[in-house]
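For reference, the structure I am asking about is given below.
Chain IDs A, B and C follow the sequence of writing; residue 1 opens each chain.
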Amino acid sequence: MSRRALVVACTAIYIFLMLPLLVVFPISLSSAAYMQFPPPGFSWQWYERYLDDPQWIDATVRSLYVAVATAILALALGVPLAFSLVRGKFPGRWLVDRIALAPLIVPTIIVSVAVYGLFAKLKLIGEWYGLVIAHTVLALPFVVLVMSAGLRDFDRALEQAAEGLGASRARTLLKITLPLLRPSLVSAGLLAFISSFDELVVALFLAGPNMTLPKKMFDNILMEIDPTIAAVSVMQILLVSVVLILIGRFGRGLSNSAR
Amino acid sequence: MATRPTGLKAADLKVSGLQKRYGDVVALDGVSLDIASGELLTILGPSGSGKTTLLKVVAGFEKPDAGDVRIDGADITALPPARRDIGMVFQHYALFPHLTVRANVAFPLEMRNVPRAEIDKRVSETLQLVELGGYEQRLPKQLSGGQQQRVALARAIVFNPRLLLLDEPFGALDRKLRETMQLEVRRLQRRLGLTTIFITHDQEEALVLSDRIAVMNKGRIQQVATTTEIYERPANDFVADFVGESNIFHGTVTEPGVVSLEGGRRLFANHSGKVGQRMGVLMRPERFGRGTNVFAGEVKEAVYLGVSFKLRIACDDGLELIVRQPARGPLPAPGTRVNVAIEPEDIHVF
Amino acid sequence: MSSRWLGAWPAIPALLLLFVFFLYPVVRMLGFSIEGGTLDWYTKALGESLYLQVFWNTFEIAFWVTLICLLLGYPLGFLLATTTPGWATVGFIFVLLPLWTSVLVRTYAWMVLLGRNGVFNRMMLEAGLISDPVPMLNNFSGVLIGMVHVLLPYMVLPIYGAVRRVDPALVSAAEGLGASNSRIFRRVYLPLTLPGIFAGSVIVFVLSLGFFITPALLGGGRVVMLAVMIEQQIHQTLNWPFAAALSAVLLVFTLAVYAAAQRFTRSADA
C-alpha cells in the first residue's frame, strides 16, 4: 500500500471517528423541535431549556462534585499505592499489582451489580458518597497506571541529592519528588475526574432517585430524543476538550502513559 | 578574589571493615581506608569493582552489612544522609530540574534553616567561586554541561560540608572541557582545604587529580598509595595492568638481582626477593631505551600516536612486548628487526 | 519495620478500599448464584437456548468488533507512528478526543446519524439513492458501528506503540537490501508489531464482552448482549441469583481470555 493510499484510508477513519462528535453541534443549535438534518434554522432554545431545567442543573452539579471528590480520593489512595508498587519490595507485590488493576479488567456491569447488592444492604443507594466510593474503585487503575509510569521514569538520584544536602524524607517528598511528578499528578487527577463524570453503568445502579448527568442523559435518550441532549453533549465535548488541553499543557503526555 | 566560605570544618574520614552483599554479589569485601583532613583521595576501579557502593555507604544511601564509617572519630554509620554534612556531586549532577540555579544552590542552606540574608550572601559567593555569577535565575536545562557541573559543585560545597564526594562527575563532558574542569576542581579543593573522595574508572583522570589513589577491584582495596607509587610500584598484577600500559610477566628469583621468567629469559632487575621466590615483573612501555637487558625481535604492529610510536614486538626469546619510542624518523614497518633495552632500575618487581 | 516489607504500607489504604468495595462485593454476589447449594441457575444459563443465544450474540459481536477495529486501527496506528511529530500530535488529539468523550454522547450521536429519520437516511432519501429508509439502528450493524467507534482507540494505542518500537534501521536495512514497500511491511513491520496487534485485540475483545451502554441503546432490545441481560435481571425481574450466575459466566470468560493471552505472550517472549 502506498503512502498516499494510507493517508486516504486514515482520513476516512478519522471522519468516522469525528463525525459523531461533530454532528451534535448543528443539531444542538437547531430551531426544529424534532430531530431534523440539516437544521431548518438557528436557535439557542435547547441550551436555554437545559439551563432552565432544575433537573438537568441538579444532575450536572451532582456529577461535578462526585467527580471532584472521586479525583481527590483516587489520588489520595492511588498515589501512595503507585509508590508502593514501583518502589516497594515485599512479598505478594505482584498480587497487589493485579488487584489494583483488576477493576479495569472485570466488566463494569459486574462491579456495578456487586456493589449495588452491598450498598442496598448498607442503605447507601442514592447517597453521593456511595457513588464516590464506587467511582474511586474504577478510577484507581488509571491513577496507578499514570503514576507508575511517572515514577518509573523518575531519577532517584535527585532524591538522594536532596537527602545528601540535608533534606528529611518528608521535605524531599514535598520539595522534590511531588513537584517533579506534577505532570503525572495532573494527568491522573483529570483522568479520574473524567472517568467519574462520564460514568453511567455504576450510576444507573447506585444513584437511586438522584440523577447524575450521564444517568439523566440515558433516561432522556430512552424516553424522548429532543435536541436538549445534543446541547448537553456539546457541552460535554467542550469540557473534555478543555481537560485534554489541560493535560497537554500541564500533564504528562497521554500517549506516553498509554504505552 | 572571592573569599573562602567561613566556618570551614573539613574533617578526616575513616572507614573500616566494610562489608556489603547484594544477594550473591559481594560489593564490598572488608574495605578499610583512612583519609586525612584536606586530602583528595581517588577511588579507582573498573565498573562493578564496588567503588560506587563504597561511596553510597559513605554518603549514607546504603547501610553496610558490617563495618563502620567515622568522621573525625565519630561513628556515623547509622546516621541518615541528611544529617551527615557531606557534599556530593552526582554522576549526572542530579540538579533539581524545577529549581533555578540559585534555588538549587540555596537548597542545602534552606534545609539547615539558615537565615535568608545569609543564604543570599553565601549563594552568590559560591556562584562567584565557580565563576557562575549572573546565572542565578537560569534553569539547569538552560546551561551547558560544564555549567551544570559547576552548579552541582557549588551546591555540594555551599554549606561547608565536612567531606566532598565526587561520583564520576566528568564522564559526560568532552575531553577539552573535562581537562579544564579537572584542574578547576583541584584548584577549588586545595583552596578550600576540603577532604574529598573522587570516584572514577579513568586512570588518567585519577593520576591528574589525586593526592593518593585507592585502586579497587572485586570489592577489595588492591592498593592505596600516592600517584607516583601506584604507577611506579604497583602492588599486584591488577594494579599494574589497570593503571597505565604495561608489560607484565611472572618468574622466579634465581640469584640476587636476577629474575628468570617463565620460558627461560633472565632479567637483571632491582628487587628484594629471596632466591626461589615467585615474583611479578612490570616493564612500562615508555621506559625502554638503552639498558642492560636487551631484547632482539621483530615488529609485529606499529602505531603512530603523535608524540610517540607504539610498537608490538615479538622477541626471539618468545616474549611479546609493548614498547613506546619517541616519534622520530619513519614508522617502523611490520617485519623490521629491532633491538630494545631496559635498565634494571626501570623494572619493577613485586 | 522489617526490610521484608519495604515500602508496603502506602498500599494499605487503597487495598482496604479495593477489598471492601470491590473484591468482597464481587465474591459476595457470585455467592448468590449457588445459594441453596444448587447449580440450577448455571444449568439454566448454559442450558436454555434463549440464554445460549445471548452468549453467542455476545461472542459474535465481540469477534466482529475486534476484527473491524484491527482493520481500521492498524493503518491509523501505523500512520501515527511513522508521520512527523507535528502531524502525530494532531492525529493523537483526534483519537483521544473521541476516547474521552462520554460513551453516552457518542451513542446518542450515532442514533442521530443512523436513525430511521437520521442524517444518513434523510440525505440518501433526498439524493434519491433510496426510496425507503434503510434500517441501520436497533440491529446488529448498529451495535457494531457504535461499539467499533467506542473501542477503536484501544486498538490504535498499542499498535502505535508497537510500530514506534520498530527500529528504523531495520527498515532502512530492508530497503537497502532491495525490499519493496509491501515486502518491508510484510517481512519487517508485521512480524515485529504482532505483540501490539495481539495486545490491542485482547483489550478490545474483552471490553466488548462486558459492553453495556452501546448495545442497550443501539440494539433496541433486539440485539441482547450479556451485560444488558444482567442489568435486566436486576432491574426488571429482580432475579439476583440468576444475574449472579450470568455475571460469574461473564467473569470466567473475561478472565479466561486474559489468562490465555498472558500465557501466550509469555511463551512468545521465551
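Keep this in mind: a residue touches a chain if its C-beta (ideal position, glycine included) is under 8 Å from a C-beta of that chain, and two chains touch if they have at least 3 such contacts.
Small disclaimer: the values here were computed from a predicted structure and weren't measured.
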Farthest chain from chain C, going by mean C-alpha coordinates, please. B
Taking all protein C-alpha atoms shown, work out their mean, then name the chain whose own C-alpha mean is nearest to it. A
Averaging over Cα atoms per chain, report the distance between chain A and chain C in Å. 18
Taking the mean of the C-alpha atoms as each chain's centre, how many Å separate chain A from chain B? 54
Chain B and chain C have mean C-alpha positions lying a whole-number Å distance apart equal to 59
Got the chain C residues that touch at least 2 other chains? none
Which bits of chain B are touching chain A when the two form their complex? 59-61, 80-88, 90-92, 94-98, 107-108, 111-112, 155-156, 159
Residues on chain C engaged by chain A in the complex (per definition of touch): 4-11, 13-15, 17-18, 21-26, 28-29, 32, 72, 75-76, 78-79, 91-98, 100-113, 115, 117-119, 122-123, 149, 152, 157-158, 160-161, 181-182, 185, 206, 209-210, 212-213, 217, 227, 230-231, 234, 240, 243-244, 247, 250-251, 254-255, 258
Listed in rising order, chain A residues that touch chain C in their complex are 1-2, 6-7, 9-10, 13-14, 16-21, 23-24, 27, 34-35, 37, 76-78, 80-81, 83-85, 87-91, 93, 96, 99-100, 102-103, 105-111, 113-118, 133-134, 136-137, 140, 194, 198, 200-201, 204-205, 214, 217-218, 221-222, 225, 229-230, 232-233, 236-237, 240-241, 243-244, 254-255, 258-259
Contact set on chain A toward chain B in their complex: 155, 157-158, 160-168, 171, 175-176, 179-180
